[in-house]
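The same chain A turns up in both complexes below, where it pairs with chain B and then with chain C.
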Partner chain A sequence: MTKKPKIGIFGLTSCAGDQLAILNCEDELLTIADAFDILDWEMAKTNNDKVTELDIAFVEGVVAQTRDLEALQAIRKRSKLLVAIGTCAVWGGVAAMKNQIPREILKKEVYGEEINVVDSVEALPVRSFVKTDILLPGCPIEKEQFLQIAASLLHGDLPELLNFSVCSECKMRENACLVVEKGEICCGALTVSGCNARCPSHNIPCGGCHGPIEEVHYDANYTMFAQRGITKEEIQTKMSNFAAPAWMGQKLLSEIK
Partner chain B sequence: MKILKLPKANFQKFLLSLKNYGEVHIPKKKSEESYVFAPMEDPSEVALEYLRTIIPPKKYFFKPKESIFHYGDGNHFNEHIEDIDKKIVLFGLHPCDIHGLKILDIVFGTGYIDKYYFARRRNVLIIGLSCMPDERCFCRSMGTDATEDGFDLFLSELKNSYLVTVGSSQGDDITNDLKDLLGEITKKDTNEYLKIRNERKKRFKLQLDISDLPYILELQRESEVWDDLGKKCLCCGSCSMVCPTCSCFNVYDNLSLDTKKGERIRQWDSCLFKDYAVVAGGHNFRANRADRVRNRYYHKQHGFVTQFGKPSCTGCGRCIQYCPTQIHVVEVFNKIRGEE
Partner chain C sequence: MDKDRKIVVPHLGRVEGHGGIDVEIEKGDISKVNMEIFEGSRFYEVLIIGKKYSEISSIVSRVCGICSAGHTLTSQMATENAFQIKITQRTEFLRGLLLHGEAIESHALHLGCLVLPDLLGYDGPLSMAKDYPKEVTIALNLKKLGNKIQELIGGRAIHPINAVVGGFGKCPSKTQLEQLKIELQKGLEMSDAIVDLFSKIKLPDFNFKEGIYSALLPKEERYSYLGDYIYTSDGITRPISEFRKVCHEKVVAHSTAKQSLYNNQPFMVGALARININHKYLTGKAKEALDKLFPILPSHNPLHINYAQAVELVHSIERSIQLIKFLFEIGFEHEEPVQFEVFASKGVGAIEVPRGTLYHYYEFNDKGEVVEADIITPTAQNLANVEKNMREAVKTLMQGPLNTLQSSLENIARAYDPCISCATHLVRIKFK
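Now for the complex of A and B:
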């Protein structure tokens, strides 16, 4: 791109951790500010331009309130490219963990009978509502992956994100397998890589925070855990922490037949 | 071929002396069931009982992820080979792993010569170590249970000593430098070696008949065994990562934010990954898991055999030990042979 791309960075319902991850690119932040024309970033600057058309919008968070959806549709409308950043935006994240329970019940449980003004709708990822051009999961996103996406876009390319599971990165770091050796519920085989197997490298089973790989083999995973005495419910509970909308609807072949 | 004797009393001194030839790497215990090759801090760390490390020695020559050159800065590119001059002494390779390197020499040395691999190959001394098989070892079936070359020194364990076989001029130099630690072998040592050798032969429990396997595989392309395997395989790539001869890699660029510079990365890849056989236009030649698993098996025992005259499997047992869904390579081939 010859001209500086005009960008905006936005947060829907979220912990703002992905925007924080961008701000944490301390060594690169000045280069980013120089390479992009950052028009709209509430979290990081004042005097934000809310109307100019954007080349790229980075959107964090989940649609969990009606005003999230309005904001998201407005962002999509004014942006050529939309990059969903973080597991909330890509898969629903933590906010979607209890989607199977109706909102009315959840609202009463959290806020009591008296309060009825809370704007809360079923939490769903950005891509359930608008077209997304690039998906960068992570809870939070990995700094290196964000910078690679930024560099590719500046170069006029779409980034190539690796599409294999945590297991391979885990093996490359030569970790003893927590499933094979300890029979733990490690979501590595289901979860997309990018974190360099951070948790298993500290002897903590993968919690699936990056969300599923493109082609999850549910049956083989269930069998793998069942061989170690772990039930389907235990696996599903663990897998639903970060990407419940993807996991909860999954049925095994044996259940479909 | 020269064979000397290293009394066990001198073993630690021997290991320490290897520091004169490079950074010494040894097998170390990583967890209850796993070992890794790692730098030696103290000779007492050496896990002489180990049978297989998680990642085979290939990691010293073909790194999981490495930058192969930098480009930019006025249309130039700098070839960057990390640690290219680093001298390493890799101690404790069992015969199967030495064969693994000999197979990689073929892969990286045929047609296009991979200079990154061979630059490191020249700088790493290999010291072999004998072993007793467990229930996952089938190197004997692969013809990789012993080796006459591919090492600088090879240590065969006896009760109170090691027989030290010299396999290269560098190995010879080491034995000359360390002659105070080494002695002559006796008739008794020879008899002891033969006894242990015969005992080892009997210990192999796992066997795989590969005599006409490529032909059977050719006939069994459409066998339901592959479909069943596709249902069991996670396509997680663990077996490829831990395989001493799997050597596929992906190449991609890491651009700098000013878009004027970048580096080219190569990283281990696996034919089990969904994107592996995707080509321009989006077609995937092996979109199904079963096709991908079959491909891996065919590469080891069919494609490599017909091209190079031997399988690219060393029978090390790593894929058996580390498969999360307990896929057993020997059982798969036995099914294909109709010998369940």
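Now for the complex of A and C:
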């Protein structure tokens, strides 16, 4: 039998929801702890090993301060594989929603003029700074997807990730379309699957929390919404919630002018 | 005797988020006791400016993974308060269930996975499981039960998607609730085991002084996480709209989270504050757990937060069973979220989430877009009190061995179940 892979689970600036999603694998947690050698996981243990080289690092969160960047670079340096977990690590998440506002202004808004104690930089995903080997978006990640990745890595394989849309999952569940039937702004056609269309299956339009699929048809989607009387500002506001750097940086802004 | 000593816990493990402890003793005097917070800032109150009322709760839910249901519902209640929306009884029951699911998950996670390893001498639940498989399994099963409720009612265990302003997207079916009820009944037995376990563990007291604590008063004559009035232990009751009189926030240099003071003094919120104030409303097995764990009330020992959470764990399971019964009584016909008009307005929402009172405040323009927002989390309110308690403990333990002092300080900080992501969402305050 080969040696157990040495792993670390880390959080940069985040809500810790992705690490919690791992802790939420209640039925599998003890098996995971047995199959892997968990050397470093601050959220779940003390006495963490901060130096030994890791086979796999799972990293949640955004870089929102220089401290995060230093931590991330140290993790990358000691790890053979780096798995970005969660929409923050993959796309920037909610923290990256208003990167266009200078941090100095934000700090003044929050702390006032008199004290400037905060180390804050434009919030950007992990992959803006270091090489990532696997990207698992989700806000939070779906635990089944995490378990699949962990199982693949355990067997020395690289996992295969989904690249079809929430819209496809929604159709497979035979839900009534919220755009067609109700004229709602549903991000399902643009958003990568994995959640089994949770929101539309609850009559709630998709908010795009997993970030975009590859090669999104922005034009077609924009036209579809516009035909139902939805303005470009409304579309932009909705779509910028979870993966603003992806939508705004790439195409959306220019295409819907 | 004139010892210079320094304790630095660079990263407090087994808590949510990034924080540490920094203590300095010079010539036998305490010169510094800091609970340091160095989680990055996400500026939530600025992020939601300009967003439509329907978008807010799913954004602010992301303040915290562990209390995401609490943030979601507090946000929706603040919005409903602003637009004078009356929710239905079914929505009330479903929200109650969702909150109890969160309390069960959060308390089981804290007690079983974060605190028990401390008390039994392990670095975490996974290493503890080798010697205490039964206890860890019970904690994980209770945690799973809490998640099952959140998954069913909220549509997702973390960051619920089914709860919206005015109601729910989809209501659970009769069969689903029947199944859940059976699991809750099993959970009630498991929670007994947790109470039993904690009743056998004596928690130390480091000469903690009497302090101020605060919690919401229940609307009815029963233990509840919802209420329209804030009670502070100096005997004053205020409507939740006056929350800023209770949590007056200040910026401190060693923390990216602001600290809260009440009349210039630290105060406590959370399970122990709630038990101190509202224990007379507990019934059933939760009352039995209370009698077992709290011979004397009120308690000013922050380590008793752990006992208080164990009592609430039992209460939340019992109340969930009751809420399912009520849902059966009103039937299962489909119900759309309540329709309403938006207008320029402001509103406040408050809920007792696992770690204490959470406040959301919004101002809207006539299009229903946020123009001003304020979120005050329990951990931000507790931070000054954590430092106060650590200072008291340092005074008592100063002359003893350094590692005892360090682990005692870690135990105090951990007892508060600090949710550092929450505290560091950065509150935007404008006192007008």
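Criterion: the second predicted complex is superposed on the first by the 248 of 257 C-alpha atoms of A that agree within 3 Å, B and C clash if a C-alpha of one lies under 4 Å from a C-alpha of the other, contacts with A are read in each partner's own complex, and residues count from 1 in each chain.
We adopt the following convention: a contact is a pair of C-beta atoms (placed from the backbone, for glycine too) under 8 Å apart; a residue touches a chain by one contact, two chains touch by 3 or more.
Here the structure is a predicted model, which is why all the values come from computation and not from measurement.
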After the chain A overlay, clash or fit between chain B and chain C? fit
Return first, second, both or neither, reflecting whether A:F164 touches chain B, chain C, both chains, or no partner chain. first
Quick one: classify A:A226 as touching chain B (first), chain C (second), both or neither. neither
Residue contacts on chain A - larger count, chain B or chain C: C
Hey, in the superposed model, what angle do you get at chain A between chain B and chain C, Cα centres, nearest 10 degrees? 110
State whether A:H202 touches chain B only (first), chain C only (second), both chains, or neither. second
After fitting on chain A, the minimum C-alpha spacing between chain B and chain C in angstrom comes out at 12
Footprint overlap on chain A, comparing chain B with chain C: none
Note: in the complex, chain A contacts chain B through residues 28, 31-32, 35, 147-148, 150-152, 154-155, 160, 162-165, 167-168, 171-177, 179-181, 188-189, 213-215, 217, 219-221, 223-224, 227
List the residues on chain B that touch chain A in their complex, please. 30-34, 36, 53-55, 59, 64-65, 231-238, 240-242, 250, 252, 254-259, 268, 270, 273-275, 289, 321-326
Can you list the residues on chain A that touch chain C in the complex? 11-21, 23-24, 26-27, 29-30, 33, 38, 41-48, 62-65, 67-68, 93-95, 97-98, 101, 106-107, 109-112, 114-115, 117-120, 123, 139-140, 195, 198-199, 201-204, 207, 209, 234, 237-238, 241
Per the touch rule, the chain C residues reaching chain A in their complex are 11, 13-18, 38-47, 50-52, 55, 58-59, 62-66, 68, 109, 113, 117, 123-127, 129, 136-137, 140-141, 143-144, 147, 155-159, 161-162, 164, 168-170, 251-253, 255-256, 258, 410, 421, 426-428
